[in-house]
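Below are two complexes that have chain A in common, paired first with chain B and then with chain C.
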Partner chain A sequence: MTAFDASVEMRPRLVGQRIKRTEDPRLLTGSGRYVDDMAPQGLLHVAVLRSDQPHARIRSIDVGEAFAVPGVVAIFDAGDIAGDFKPAIPTSRMKGYYATPFRPLAEGKVRYVGEPVVAVVAESRYAAEDALELISIDYEPLPVAVSKDDAAMDDAPLLHDEAGTNVIISRTFARGDVDAAIAAAAVVVKGRFRMTRKTPMPMETRSYLAEWDRRRQALTLHSSTNIPGIICDVLGSCLDLPGNRVRVVAPDVGGSFGGKGSLNHEEMLVCVLARKLERPVKFVADRMEDLTAMSQAFDETIEAELAVDADGRLLGLRADVIGDIGAYSIYPWTGALEPVQVVSFLPGPYRMEHYRGRVRGVLTPKPPTGPYRGVGRPSSTFAMERLMDMAARKLGMDPSEIRRRNLVTAEEFPYRTGSGIIWDRSAFQECLQGVCELVDYPALLRQRDAARAEGRWVGIGLASYAELTGIGSRIAVAPGMPINTGTETASIRIDATGAVTAAFGISSHGQGLETTLAQVVADELGCRMEDIEIQHGDSALVPMGTGTYASRSAVLGGGAATKTARVVKAKVLKAAAFLMDVPVDDLEAEGGIIRARSSNATMTFREVAHAVYAQMGRIPHEQREDLVGSESYDPYLGTACASTHLAMVEVDPATFAVTVKRFAVAEDCGRIINPLIVDGQVHGAVAQGIGAALLEEVVHDEGGQLLTASLADYLVPIASTMPEIEILHVEADLPNNIGGFRGMGEGGTIGAPAAIANAVSDALAPLGIEVDTLPVTPDRLFRLVQAARGSARL
Partner chain B sequence: MKPARFDYVRAESIAHAVEALAGAGGDGKVLAGGQSLMPMMNFRLVKPSVLVDINRIPDLDRITQEAGVLRLGALVRHRMTAEDGLVARHIPVLHAAMKHVAHLTVRNRGTFCGSVCHADPAAEMPMMTLLLDGTIHIASPRGDRTMAARDFLVGSLSTALEPDEMVVAVDLAIPEDGTGWAFEEFSRRHGDYALAAIAVLMARADGRMRNVRIAMMGIADTALRFADVEAALEGREGTPAAFDEAAALLQAAIQPNSDLNASADYRRHLAGALARRALAEAWQRTGETTGGAA
Partner chain C sequence: MQDQATITLTINGLTYTRAVDARLLLSDFLRHELGLTGTHVGCEHGVCGACTILMDGRSARSCLTLAIQADGATIETVEGLGRMSDLGRVQQAFREHHGLQCGFCTPGFLMTITDMLRHHPLETDDAIREALSGNICRCTGYQHIVDAVRELARERGPLT
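This part shows the complex of A and B:
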């Protein structure tokens, strides 16, 4: 483990400042470059005919007159490309797991509505879509079990016969004797909580452009991915190409939220077709295709029971989770990513001895679930934080007090949870206290009680959680997954003009990493921010970089940047020392100027670089070194990131609309590189969390058909949904990694759903209503209130 | 999500437009703001052979006051209706309703007449046209005709318009002076199509309700007026009891659908809740009748 490096702390200059994002001028003036902006000569467009069946055997495909449509170049089904690739296999070391093979087009049978079956390649997307209308597929419908509960039954129809079961993931985490703890407890609360299916909904839809270079026999994929390195590796093995002949470039990417963080059918497809046709091939999903076939999120039912003693101390938690993972186990994370994390994070940020969490991941005829901002934790936090409030209510204790009594305290770190997660020091208690002070909690309670006395439905909800971010090589991001997500590499060079180019394996797609990493590099190197170009999102930049996901890029990218900048700086100073004829330790660098403390003599980076590269013999050959460096960083463990959210809501008794009146976040993300960007990440993630709590739900009917196939039916939060978000940054002890950063890109989605569920439950406490399903829509509330009033009348 | 092939005609005049429609042999479509038509074409739910663009026809973008009515030309955008001084002064209930229509970019393009022609059961414009006893002005190669809104609006996405006809304007009756009004709507997010909405107009004479008009939407296949309920309120005092009774009558009269956003039961509940609010509000806004339309 790396000890905290105090030398970083001594020279704070750019790190910590509210610097405007350097990527914004190009993005806001329309000078960004997305995959859809690229149109190489000879470009062909793909449109995809998708399954309208949830589960069926493909009997035959009739292309009819499709080839007669002007502009149509080629039409492919799975049989036509069978020899052109190997399927991607999302392997895992998990026991009893079955890795569903992942292909560009459905082979033999279809397993969800929206699965790609036929690809039409044409000179324009219009022509390709005209041709789609003329193709018909003859299906033999197969029996389906659409809901996860039905699909998990022993006699359920099998989606993948080879698996022998639909339950391809099954795990249990346990510590202590939870049954005994529950049996003996003073208070036990339980619930059956449902976090419904969501879709990530980035502004830019999935977009892929593959180019085959006949001369080099090499493939370049431009992809709206956030994991270019992983995609590059898997394409290399699926297409049997060495790494120096596959390159995956993510240009400007308009968001992902997880939806672009796995391998996609169409992403493989364009590569296979570009090589086959020896022409550039592009696929840009339309909104309906993203709604039907992008990887989706959550979809769990959590049955959980919490035992506490008479003083409100947590004794034990017993949970049974069933996750609907859709039709395929996603590459590379596997279908375990989401549901297994629910049971590993369920014990929350609390001290609790006894735990047993069982989880099953079930194949169903729906799009695969995959990573989604927050992964697992929005669901686990929703269930656990609801139980905390239910227990507090039973005990007559304030929700803040029961949390205060159970949150792990500073003296207890490192604390191992019942599921085996180790919490290192982070501001667990301080965030709770901080958010309560920020909103003047006692005054807020009085405000609520006054409103309640007028018959208004006003409620307050808290949610405390902790997450693991910036995870190193000790812990797999997804359980049992054989991909190294624990390291990142930076490669920095100074050229003859003194300009600094810093290249990374991460892949910023909205996080502002070009700004934050430049801040880190500038501070470490002593150069000016404007002299730095940050390169990322390109598998050719560094030998291995997996991308940006799991709140890792500031920690791992920032750590690699720091290590590398130090190496390069040492070379700059060594050259300068020779040129200025002073000892190296007499030199310091800042703002692009190297200064000798003793004499005040200076040289610029540019002058040093020019002397090193352009002036032959100026530095003796045995001392001369290129001003370059490349180092990788592995934080080994992950770092905990704690937070407490508070929501105040009002429910309209006539319409059952929920209005979020106040929302406050206290969070500990360690040393803040750029508060402006941190605030933006919190705002965006809280908006997403409010969407999950109040609006967003992917609905499939009993026949497996998608009902929410447009943005008129899948509701995302809009400006008028959003309250002001108050943020308190709590900087407790810094974590044990280079730079002292914690990951903070996801947290808002974790706390907000739970806080709002608790606030709505509090608002309806006079009726005894406990929210157990999200989103809590007006229609759901109407039914809850009706039921409560009905039973009250009995 | 690309439309099927179509021909495009930019109409220079109303006559040119209806001629082009007639030439399309029943398969032409008027393109006004495109805010409903273009999505439907992109989904390939409609595939017109000819698109007749009326956006360059002069003088259709006017709101004028005629005898007892405001006339909205075929190119009056939602934004104009929402911000127009005549509308705000003479038909404040319409001014209030327009705040609920979509979002800025949609309001900048979408037209009042286009919405009436589209006849979405959850759109404000057809409902307000019904409430305000609207008259539809129609042109065709066979000449001009007018039609009452209640005859024009046939059902969900369906009107009495012939394929070679175009709507050139809609007249909305200006309520008499002192008319109380209310518009209540509920949607999941601001600017979404309504789950339910109600608009009420009523006059007051001798402390009693007169000339009550009620229109609702989101509660059936089309926006509706409720003659029976209107009659039941005529001459009653504006008391909470009367409003509760009327709300119950409305709830009994409607047959809402269940869909993704709302079950029929919830919609019925919502209709009652909005009705109680709107009736009380309209009553509150009534002034004793001074006589005569403005």
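This part shows the complex of A and C:
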């Protein structure tokens, strides 16, 4: 690999090393501070009465004896707070789109089971929950179309009358003449693929604490969010407060995976109530509330047809996608986020001329879908990678070979896909080759064949994908979305003690950014890592920041850190040059020491800072500058990140349980800041991908009622069901981005479901089974096998 | 429902006497009455293990235990395992192996592992994974946690 910046490469670096995390001591000793750990004086607690109806008009609400419960302070429905806020509107310029207004409590009617209707405020959560039991809501049930297919019908009952339709998103991406390509192809494979609804399920539930400062007439929201800047901006406009009187702080946050990356009803609610009651108000969801009402994910049906020539070269892909976006278009991302990404990314990392992808997003009486780690790409990769294997099977070609023939090669970058995505230099081919070498693919095939000869159901599956990460201002997640996701700002200052404070708009919630950004700043500034405090997760830190999502924080935060540290370093060296009476270019800084190359004379950062700030007249006033800087970074296009996953599975013929015997990942995330952290991100994301492939499923019945409202019903991977994950890092150069970092927080969720689905299909290939729905639970597998055996007997 | 009882219990070596509602959960007692917020609550139905503490030496779900059931008990929580400047051995191993990310499930894992190391051989990875299977972590995929426990079990040697 070539050097990224020669002046930087000369020094011993922290970037690239397995540095232990600075976050850990507090989190390991119970000294972390999550929202529910805070209890300001006078704190009130909110409990929420939620809709038990999927679609109904609220006729009346009877609070009964609820006020008589000791400790109850107030009870609110939508009418009681109607004048206290404006709804949030997730706007978009998409044609035919309707932006559903988003409110703290349901107004007039309810649109999903779990939607907040009444809020009880009490001195304790226990008292608030007691009061909920005494409140009854009289509903007039309205007709429902629970499934997306029913809801998309012309005569379906409307969830939002003002929209005039349930189909509020409709887009088509096309290039070339796909119909002709399919008609003329040697081989055509098709399928109807579905990843069912899932929930992000972070370990910390959604938690919000709002405090109203009567003196300043200002609001502070402590929120378990990963987008404090976005929440701050929208609350300011909903509550009609200027930005200097709204502050959103995300303290330690117990994971999100997207579930805490949108505006929530209860998040608005506590703010409205804190201002109204002039007391601190806290809402902490319990697990059932999160499983019921946190934003959910996936839930598209993808009908797709792939045309391939006799040599296995891809000719064209035609797809029709329908996405169930739930009852509201989520703020700020809109309901287009998940289903439109499916169609954008469906052509995958492959060279293919002809493409047409049509997508519709349909309102249904379920919680809104929102961002979930991987956004759209787990589903698109699942469909495309299944088609690749189906085509290979028809051609009698090895799955690795058909991928090798079609993955975009190094000479072809930048490559524009049929949907318009531009893949820039990334190690597409190297990841495929790398993973095959890592596991000794030919030997693995022999192992599989030997097992198969014994009658065992053992299979191998590959999945290749690419994703856009660290996206800059050139690309909007959805057209006309009301926020800018393309820039990040860093603000660095050195104080009179020589301590360095670096503040960001990003918001770490498990990624270890306090460690990785300190590595970057220490390298660039030349100070000691232990002298740096990284601040993040607070809307007041920088003028504009959005948060941490979409694998952006290493790319954008790292870029902003680098640019800003260079500005501050220049000021430090300029002051030192004057103090030491040497030319500035004779100076270098490392480990907190500034050294003159010619004389070996040194000063510490602390000495320079003391001279600048505390010693009057030491530096002439016209030359003296504060040791501060603030720069923003916009990678404009962003980066591409590529990977190939490989899974080997065995299906138990008695229980139909799938065991993952081996799992390997070869991935290119560019220059690695901290290998320990990158490995951890891959492990965790792959675990969620395995969960999506085998276990995790949110089930609503035909009446719109949730059937998976506990962790005994909604299953996630546990230690005894997870395999050891083997990882190969391919650090491909990325010359156009500061630092050479590619984002990598999401990737594992994208490749794993497809790799497992391909492996299970391979294991059951003797029966001719092609997995088309995930999770492939024992129940689904049993039915597939029964059906295959039934048809075999015919 | 509002019945109160006075309980006395020892937590991390300190003895507390408090009047509590009969229905108060031990997890809420620790967190909200005593300010020991290191113990976390992840599901309140006993599945996730985030609230795990040691009660009379064995791991227990504090979200499925009433405070009054702990009357007379000896409780250990994450706050008793070590300090930021002086991490206990299990905490150190977690840090060295990057066994935590968001940190929310971590106190429960640390308490479970403390119990398992005292009472179980943990000779194989399968045994370690089985021992950890009552705690959910959503960030790490468990691999680095298994690495930490493997090292701790080796260091401890066979149970005597």
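In this section, the second predicted complex is superposed on the first by the 777 of 794 C-alpha atoms of A that agree within 3 Å, B and C clash if a C-alpha of one lies under 4 Å from a C-alpha of the other, contacts with A are read in each partner's own complex, and residues count from 1 in each chain.
Everything below uses one rule, namely that contacts are C-beta pairs under 8 Å (C-beta built on N, C-alpha and C of every residue); 3 or more make two chains touch, one makes a residue touch a chain.
These numbers were taken from a predicted model, which means no experiment stands behind them.
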Just to be sure I read the superposition right, which of the two partners does A:202 touch: chain B = first, chain C = second, or both, or neither? second
When the two structures are overlaid on chain A, which partner does A:677 contact: first (chain B), second (chain C), both, or neither? second
Could you tell me if A:655 is touching chain B, chain C, both of them or neither one (first, second, both, neither)? first
Taking the superposition as given, does A:708 touch the first partner, chain B, the second, chain C, both, or neither? first
With both complexes superposed on chain A, which partner does A:133 reach: first (chain B), second (chain C), both or neither? first
Which of chain B and chain C A:686 touches, first, second, both or neither: second
Chain B versus chain C as contact partner of A:614, first or second or both or neither: neither
Of the two partners chain B and chain C, which one touches more residues belonging to chain A? C
Between chain B and chain C, whom does A:509 touch in the aligned arrangement: first, second, both, or neither? second
Which partner chains sit in contact with A:286 here, chain B, chain C, both or neither? Use first/second/both/neither. both
Overlap of the chain B and chain C footprints on chain A, listed as residue numbers: 126, 130, 286-287, 712, 717-718, 720-721
Chain A to chain B touching residues, read off their complex: 125-126, 129-130, 133, 286-288, 654-657, 695, 699, 707-708, 712-713, 715, 717-718, 720-721, 777-779, 782-783, 786
Considering the complex alone, what residue numbers of chain B touch chain A? 1-2, 4-5, 43-44, 186, 188-193, 195, 260-263, 265-266, 269-270, 273-274, 276-277
For the chain C and chain A complex, residues of the former touching the latter: 1-2, 21, 23-24, 31-32, 35-45, 47-48, 50, 77-79, 81-85, 87, 91, 94-96, 98, 100-107, 110, 125-126, 128-130, 132-146
Where on chain A is chain C touching in the complex? 20-21, 23-34, 36-37, 39, 70, 126, 130, 201-205, 252-255, 257, 286-287, 509-512, 676-677, 679-680, 683-688, 710-712, 716-722, 724-725
